[in-house]
Each structure stands twice: as structure tokens, then as C-alpha cells.
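The letters A, B, C and D name the chains in turn, as written, and every chain counts its residues from 1.
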Amino acid sequence: MNFSSDNVSPICPEILNAIAAESDHAALPYGADNQSQQLDAAFSKLFETDVCVVPVATGTAANLIGLSGLVSPFGGVVCHHHAHINMTESTGVAFYGGGAKLLGIDGPSAKIDAHTLDAFLRAHSPNGMHSVDPECVAITQSTEFGTVYDTHEINAIGSVCKNHDLRLFMDGARFANAVAALNCHPADITWKVGVDVLSFGATKNGALAVDAIVLFDRELRRHTEKSRKRGGHLFSKHRYLAAQLLAYLKDDLWLRNARHANEAAVALQHSLESIGAKAAFTPQGNELFIHMTDELAQSLRDAGIVFRPWASIGPDAYRFVCTWNSPIDLIRNIPKSIRT
Amino acid sequence: MNFSSDNVSPICPEILNAIAAESDHAALPYGADNQSQQLDAAFSKLFETDVCVVPVATGTAANLIGLSGLVSPFGGVVCHHHAHINMTESTGVAFYGGGAKLLGIDGPSAKIDAHTLDAFLRAHSPNGMHSVDPECVAITQSTEFGTVYDTHEINAIGSVCKNHDLRLFMDGARFANAVAALNCHPADITWKVGVDVLSFGATKNGALAVDAIVLFDRELRRHTEKSRKRGGHLFSKHRYLAAQLLAYLKDDLWLRNARHANEAAVALQHSLESIGAKAAFTPQGNELFIHMTDELAQSLRDAGIVFRPWASIGPDAYRFVCTWNSPIDLIRNIPKSIRT
Amino acid sequence: MNFSSDNVSPICPEILNAIAAESDHAALPYGADNQSQQLDAAFSKLFETDVCVVPVATGTAANLIGLSGLVSPFGGVVCHHHAHINMTESTGVAFYGGGAKLLGIDGPSAKIDAHTLDAFLRAHSPNGMHSVDPECVAITQSTEFGTVYDTHEINAIGSVCKNHDLRLFMDGARFANAVAALNCHPADITWKVGVDVLSFGATKNGALAVDAIVLFDRELRRHTEKSRKRGGHLFSKHRYLAAQLLAYLKDDLWLRNARHANEAAVALQHSLESIGAKAAFTPQGNELFIHMTDELAQSLRDAGIVFRPWASIGPDAYRFVCTWNSPIDLIRNIPKSIRT
Amino acid sequence: MNFSSDNVSPICPEILNAIAAESDHAALPYGADNQSQQLDAAFSKLFETDVCVVPVATGTAANLIGLSGLVSPFGGVVCHHHAHINMTESTGVAFYGGGAKLLGIDGPSAKIDAHTLDAFLRAHSPNGMHSVDPECVAITQSTEFGTVYDTHEINAIGSVCKNHDLRLFMDGARFANAVAALNCHPADITWKVGVDVLSFGATKNGALAVDAIVLFDRELRRHTEKSRKRGGHLFSKHRYLAAQLLAYLKDDLWLRNARHANEAAVALQHSLESIGAKAAFTPQGNELFIHMTDELAQSLRDAGIVFRPWASIGPDAYRFVCTWNSPIDLIRNIPKSIRT
């Protein structure tokens, strides 16, 4: 069993079939094909509001290009220190943002608290021309530590943004897991509470390679499409991005996959805690951060279970990520397989 | 029959099968998987020299990231005015090159002539700190007008580059068609004649979405990989890029597909010229630029044939692009289907 | 006599005195001082319209920062091939413009013709997302070849810009010489005919180091000031930029200096043509481009006259630049001093 | 008495005279003049090693351009959170560094401690391609809080840099004040202890507008000069930058001015502490950070003394900056003038 990342999982059958179904005929390039033309409507229906959708092949691209419309080259993006955009996207925010700067703040379990944010923005006494003024806030849902902002928390952050005249971006590489965890409507944690742009992840949750930049502010479309093209992210065979996304939305595949992964994570927590491990945070999505002894870690490895140490949480901390195809029965049997 | 672009063609079966074969098991992300680990060896074997390969999902990304290691933020990239990087890649060269500037020169049939290049470089009296000095030359093989540089022509350009201490980049979005047309070894028109970096296209020739940046100068690896990551082009499920490329190389699929497309272009030229059209250039690859009357153009359209006007060649000019799956028999029957 | 550039001339006394007068007291930094606070009013009076003024220390900075507000990172700046921004400002336009691209066009005596411009813009069939669309036109007044656009010519260009929805920038490093040549009001060749931003040169015409970015579109102020600060061009002792500019405007010093330089250029043309040289263009400002024999050139050099060859005009071409302090009497005596 | 910044002080007479002395003759532009040609030798003599000098007009430009040669577009610059480059230079480091990122760390009195730095670098477990790896460390001497690194402290930082293969940059906007405070040789706190590039400030200490980028690694010259030109910072009348610097070095004017300012700061501390204020740090240069009551602050203001609140140190904190022309006698009389 491989829990090292959701990225180790393969394409799920529905999406593979959708790709195959696009492979026996010609289609217009660069988004003019029939599949691509359905994207805006499909996502508008999902979110119950008119949106524009700009798909790209990676989550990093979705974040960087999605953010680039919300901040000027002189501005700052406030995010949690542990945010993916701050820790694992190279200097990409400055690249696509023309120099825009990340301003990291702290908070428990990789979450920004609205009061902390407000205090930071108030304390940030801008020095006129000299300083970098915050122009945007970016949050990750579900977070890098497997936790989930509830509707009230995002609403509070959205209010702070509005008060300080900042835009709000959501890194939704694991958005599906958050919706599954909250059992809410996608609109409840996005545009209804102030999110301007969402990167809607599919790659980690069953796709080959596609994440959708969802623009709740549709005036960002032109900038976003220009930025995508300039960055080399406009697919000529765009239909293959669209086909993945349409299959992902169809019959709530995105949500079913995420529910499975979340359920697997709960099962995994139970299994691991029953043999002496302890979760660092209450897991809400598909990621589980675990404290355990060297001996237990070694026993798990000996049983063929793959996972990664996670030093930023502690010397005895490890990350386990469940996916759309994690074998829940086997997970429940872990305690047995270890003890034997 | 759709000749509007090679981008309208679907994935070819061998590559679709390779993707499907990667869809029943876990694999390490970001290029650590088994498929990705075979890429350098496979391409080194193909080119009969040690190379590094950095795959990306689009031809524009392959060009922009591949070029970025060959020019400083203060330098110039000499290319043909009609080069894809100059005409259809937005401001991407400056973006990935930190400001690097395109310096366009002319030449018949979208080809740079070595003497013209040499004269340009000599006439370019650099003004010390003030001017943009050429640091790199970029050629397209086969060209944007469907012509092909022969070995001697590239060798001559390579020598001029060496004399002026410039690097040489090859945009090989249709490299396979050029090799098929010249019936040469891939090495003969690349590293043996001075090419430092090649973008080796697969997307237009049967892949879903992958082009390989082939580094003949392997010291460029680190820069190229950093540039790819920062640009959001590092796939987490990297195996799907690798699987496409390995299938593309296996049993010379790349060459077989290109030969088919080239053969179709020859057949198409014959068919169209037999009914009054005239090729603007002697077609050597899979692209055909045709002068014809409005009436003929309309007859073709009425017969369900799709193609695009091409104003940069003339008001009566049109482009036809053949692909790995162009139906050669139907192409041969075009005159009949028109006359009836 | 040194005619190699206007940059070889020293500060003129009025401006040196203004600097000295600022050197016996404290003053607020970064433009909050009394002198700086007078700039907008002084330039608004000069141009008879409300303007914002952002001073910087070099002409290149004035061009690059001034332009940066008129073009997006995906857009193009149409200029003459011989424009200073294209030939002698490194990759600065892309640097300050976030990747913006220069699109060079031709025209006699370094001037853009309105019809040529219109034809270029019409022929520039934009390729949707892929191409670089012109967003701005930049002209130089007086031009790099010492010629001057008259009011009608600029008006025609301004109309073309308006029709194509483009912004208009004027590189006025030698704006004073143009106004002196045309004997017009500064407004007649700027905002009244569609110029959005002007770099108003002082350095070449008697200042130590200051050029003013004059914003006729005052909404550009914030962007321009942010761009100036980020580029390291915001002076802490800003009063010394302001003091130079106020002295330059006072009692029309800018115009008197320019008239002197222009008059010297006319005298120089007469002197040189009387001994066999021939002007390449009818000089209208302070720059003179001359064809002459090697022998004559050597005689001039032997007489202690300094000037530069100018290969872009021809192998027998040379540039002579007159300045605010060129010795007109000595210039008139050149033929005598040569013959002796 | 104005203590709001060193930037409120005027040009000192020696430097004004040097500017005036350059105002009666022609001179070659762009650094080819006699004054500019002496710069490398003058600074090499001062530092007792061969250096290259690239002068610019502002301290921000000196920092940004000087740093740009020490970090790649994918790399990080480690600095103190309170560093000028982090707090008051907009997004300039990313701008000139092609996206390079500032990585802030903490430390008392705005100083980086070598052990903290080493721990930070060790804890910064690089995530391969994904993270931003530190490539350079930047320290400020004297610091933003008026403190000074002694030779041992810089040497320790230099050793950490060497061990981690990082470059070392020194922001020396107030370098003269540090040398005066330490009573050391300039070499002792720069190249001898590992500094690669120094911005050597003059503007705050008596110049009109010039700071020198001093390259101890002379191979950085070409990059630095290219970066300066592209940024619009190459003066045409370069002699006026050179003349200021040569006058600044002559007869140790730089050191005499700094000693005066430091002495004034000591006197000011005594005066203020004698009436109830308390220094936040032991002042070592020309900056004094003071805690005092609202009443005392108001009394000082009533006596015509100008200074600024400094919230980043505390709600009752204020900054006083002394300069080359601060009136020491009047400073000593402050307690009297307040009491009356």
C-alpha cells in the first residue's frame, strides 16, 4: 500500500475512458472543440453561478496563473507559511506575478485565522511607495496539513479581505476532499464567502493531469488566458483537458473519489492509532499526519506500507495520503498484518 | 477530411495504450518512476550520444524552457521573422528568458540562410552596454512554411554560430517530419552540426500532449529542470509524459507516423495541383501551402475538406496540414470527388 | 569642439546654482519637500493642462518607466526600428514592461508615418491568444536622426492610435529641441494630439541628471510611482531632481538652451556643407548627420573637432550633436580653420 | 534640528564643489571620462585589494543591482526580517533578481546571528526542484536598528556562508558609520571576512545622490553593468557620479562625515537619556532608537526637534538619525532648551 502521495495513484477508469473516447476523431484545437466549449456551463452548474474556467495540466500552474490576476507586480500575497505556493512552487508566484511577493503568516494546523489575518493587515503599517502592500490572500482547502476550513472560517477570512480591499484566492488542489469532509455545497465555501478564484484540483483525485482555474470574477478571463498562453500552458489538443474535467464532474465522480479517499484516511487513522500512533491533527480530508515511534514506523515499512517522514511537523512525524483507489479493507487489516 | 492543423488529430493507438498501461498501479511522482527513469537512455540511444531529456506537455513550453538556458536576460535570440517563437508564442521568450529579446531576420520559405545570418551578425555593431547582443540562434525544423533544412544548411548555420560564439536552438515541433523527409539520422541534423538544445515534438505527431526538451549540452539540465518547475510544467504524474515518449520512440513510431503524414502531403499536393492549385513552396514535410482560386477553395470546402487561409503568404494562399492518420486513399480521390 | 553627443556637455549655470541653493538646509525626503511639491503645478502651467510629473535621473529610466504604464506583459509597443528604446536601451522595455515586446517598423529619417502605421496595424492579423497584440505606439521627438515630427504628423499618428485603441508615448529626450524647431506650444505636439505620456528630457540640455515623466493621463500616477520605486529610481534627496527641473523651466531656460543648440546645428551644417559635406537629412533639432569624405573627416579631426561615425546611416556618415553651450562663433569659423 | 532621516541633510561642501568643478568642460559620457576611470583604482586603494566599482544614484539601486549577480531566478536571499531590502525596497529584489525570493529570519537588534543562520540553513530541508534554495545571505552594516556587526560576527557569518556554499552581500548604506564605530579598516569587515559585494553608501552621508556597488568578486562586473544599464541606471553624464565618489573618498571625507554623525548620536543619546528617555539598543552608528513618554516627545517637538515614531520597535519608540552636519553643540543643549 502506497500512501506517499496522492500523486502516486493512476488515472481512474472513467477519466481514462473519456480520453479514449476522444481518440477516434478530429477536433478543433486550443479550446474550440465541443468538449472544451461545455466547460463553462458544466462548472457554472456545479457552482450555481456563472463562472469562467481555464484548465491547465498541473496544480502549480493552476495556482500560479490563477493568482496572477489578483496581484500587481508591486503587491503581496498573504498566505500561511506552510502554503504550497510558499513552500513547494519554487519562485513561481513572483514569476507569474511579475515580482509579486509572498507574505507568510502563522496559524495552527496550516490554517489562517481571520483574527490573526486582520491583526497582520492592521500591523502592516504601509510605508507608502517603499513597502509591499498586501493585495490578495491565498488559502488552501483542504490545507497542507490535512485540515479543512469550515464555512464560517472562510466567511470570516472573506470579510477581512473585503474590509481591507484584498482579493481572495483558494488553492483547491484537494478541494474535493474538503467538500466531501464538510458535506457542503461547493458554492458555500467559495464565491458565496468571497473567493474570487479557485484552483479546482483533479490530478490528485483521479485525473491524468488537469486542474481547473475557476474564475468567479469573470472579468479575469482575458488576463488568465493570456497568462496561460504566455506560460506555455495552452494545450493544442485542449479537448483532452476538457474531457478529463467533464468526466470528473459527471455523476459527481470528483466527490465520490474524494469521499473514498477521506473514508480511507479515517480508517487508516483508526488502524494506526490502534497500534500506538497518534494523529498530529484531526484529519478531515485524505491526508493524515502521524506521530509514531521508530519501531512502529519500521514495522509498517516491513509490511510493505509506503509513507514519508514529515520534518516540518516533528522528528517523529509522518505523512500518509489516501487516494480514490486506496484499499479500505486492507487498511482496516493493517493492525493484524503488523502484529503477525 | 480535416487539414486545418496537425493539432486536430487524436492520440494514436500505441500511445493511448501506453497511457492505459500506466493506469493500474501506483508509481513515484515527479519523474522518479520507472518509465521516466528510462528516458535519458532511450533518447541517448536514438541520438547516439549522451543527452538529458526534460519532457513537458506543450510545444510552446518546450521551446520557451529549452531556450531559456541559452540566453541571458540581456541577450538576443536571432530567429526568422516567421518563427513560431516570434509569431505565435505570445511574449513567452521574454517571460522565460527574463527579458531576452527576439531579433527577427528574413529568408525565403521561412528558412534562415547562413550567409544572411553571418551578415546580420557582422552588421549588428554592438553598442557596448546599450544594445542587445545576439547570444543564440533559433531555427525551426521543419519550418513554419513546411520546408526542411538539409544537413549542409544546418551545418553552415552551426558554423556561423560557433564563429560568433552563439548557441544554437532547434524548434523541432515537426522534427520527425524533417527526419522522414531527409531520410537522415537524427544526429546528422542536431548535435553533429552544432545544435545545443532541441525541442522534440510528439504532440502534433500522435501523442496526447508531450514534447521533449533534448539537451545535447547536459550541463543545462539543472537550469532547465528549475525553469520547468518554476513555470508550473513539472508533472506530478510524470510517468504519463514518459509513457507517451517511450511509446513514441518504440519501434520508430515517431518516424512511421511522420512518414505517413509526409506521404499524405505529397499525395495531397498532387491531387490539388491536378485540379489547378499551386504549391507556394516545395513541400518537404507534412505541411502544404497552396495558392488557389476562390472557386477551387470553395469546391474543396463543399466537398467537406477543412483547411485555413494563410495571409502571411498571400491573399490566395491556404495551409493544409497532414497527420499521422490522414487518409491517403481519400486524398488521392480528391480530384474525383471535386469534379463530380 | 566636441560634437560627439549632447551628453558630453556640463551642467548649465542656472541649474548648478539651483542645486547649490538646496545645499544649506534640511528638506523632507522622497518628494515631500517644497521644491518637489511645486513640480505638478509648474508642468501643468507649461502644458496648459493638469499633469502629474514623476522625475527620474536618466532618459532611459524615463522611457522605460513611462512606457510601463501603457502596455501589459502580453502586449507590444510599436516603434521605429531606429528608436532609442529599440536600439540602445538593452532589454529594458521587456524588463519594466513585464515581458512587453517591441514591434519595429520602418520609415524615412527615423520617423513613423501614420499611413505606414495604420497599414502595419491592419496587416497585423492577431492570432487570438498566440500573438503579441500592439497596445502602444512610441515615437521620438525630435527623432534619433535629428528630424522633427510636425503637429500634423503627430496628430495623424494620434488618430491612428485612437482608431486602433492604442496608447501613445513620446520619447522626448530632445523634446525641447523639437519645440524650438517647430516654434510651437508644447501642448500642440503632446496631449492635444493624443500623447498619453511624455518623457521630458533635461539631462541632454543642461541638467546634471534629470528627465521628467509627464503623465497627461493622471490615472497612471500610482503605477508610475510604484514602478519608479521598484526600479530603484526614487531619489531620497528628491529635491535635487526637483530643483533641476524647476530651474530648467524657469524663464524658459529649457527653450533657450534648445534654441541655442539648434542654432548651432544650423551654423554647423552651413560650415560643413561649405567645405564639401552633405547633410543626410534636413536637420531640425540639434543633431546633424553628415556624409563626407575620409579626407574631410580627417581634416576636421586634425582641427580638434570631435564627432562620431554613424554606420547605420552609411559608411561615410557621421553624427554631430550641438548643445546648450556649443560655441557658435567658432562653428562659423570652421571652414577657415580647416582651410588654413 | 531635524533627525527624521539622514536623507534630509543636504550635499556637503566638498562634494558640491566637486560637482561644480565638473561644470566648465566637456567630458566623455557613460563612464569613459577621466573621473570615472579613476574609480576602480581609488576604491582598490581604499580596500587594499583589486575591486570593480559600479556607481548608481540611489541606495536601493545599489542593493538591487548588486544583489542581482549573487542569486539565480530560482534562488533565495536570506536576510533579517527588518532588512531594508525586505521592508522598504518594494518588490525590487524579485524584479532585478528575475524572481529571486527573500527568506527572512529573526535576530536581536536587526542583526543576523551566525548560529541562527546556520540552524536556518540546516533546517531548510530542500525539497528538490520544488523549494527555493538559499543562494545568498544579505546583511546590513550598520543595521536598520543602528547597531553594528563587529569583525568577529561578520567573519562567523562569512564562514557559515562558505560552509553552505552561499554568497555574501552587504548593504552598506551606512557602511561609513560602521567603520567609524568599529574604528577598523574597511577590508576587515568586507572581503577579508567573506563579503562578495558591498553597496557603499554616500547619499546618506553627504553626497547628492550616489552609492557605489563594490565588487570584490570582479567577475561580476559584466553582469552588474548589464543589469545597471537595463535598469536605466547608467548615467550619461557619469562623471557626476564619479566626481561625488572621488570627493567622498578624498582625505577620508566619508569617514570624517560618519564620525561626526556618530558623535552627534552619542551626544544625542546622552541628552535624551538625561531627560528621561531610554535607548532601545546601544547605538553604535548614527541612528538612535529611543523609548520615551508622550509628554517628553511633545516637549521635544515643541522645541522644534523633528523625529519619527517607529512602531516596529514599540508604541513608545522613536527614531533619531544624525548626519554629517548635525549641530553637536545644540544637541548637547537639548536638555536645557527643554527644561526652559
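Here is the rule we go by: a contact is a pair of C-beta atoms (placed from the backbone, for glycine too) under 8 Å apart; a residue touches a chain by one contact, two chains touch by 3 or more.
Keep in mind that this is a model prediction, so the values were computed, not measured.
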{"item": "Shared interface partners, meaning chains that touch subunit A and subunit D", "value": "B, C"}
{"item": "Comparison of C-D and B-D (more C-beta pairs in contact)", "value": "C-D"}
{"item": "Rounded Å distance between subunit C and subunit D, as computed from the means of their C-alpha atoms", "value": "34"}
{"item": "Length of the line joining the C-alpha centres of subunit B and subunit C, rounded to whole Å", "value": "42"}
{"item": "Centre distance in Å when subunit B and subunit D are each reduced to the mean of their C-alpha atoms", "value": "51"}
{"item": "Residues of subunit C whose C-beta touches two or more other chains", "value": "30, 73-74, 89-91, 95, 99, 129-130, 226, 229-230, 234"}
{"item": "Interfacial residue positions of subunit C with respect to subunit D in the complex", "value": "2, 4-5, 7-11, 13, 16, 19-20, 22-30, 56-65, 89-92, 95-96, 203-204, 208-209, 226, 229-237, 240"}
{"item": "Interfacial residue positions of subunit A with respect to subunit C in the complex", "value": "30, 72-74, 98-99, 128-130, 225-230, 234"}
{"item": "Residues on subunit D engaged by subunit A in the complex (per definition of touch)", "value": "73-75, 87-91, 94-95, 99-102, 125, 127, 129-132, 311"}
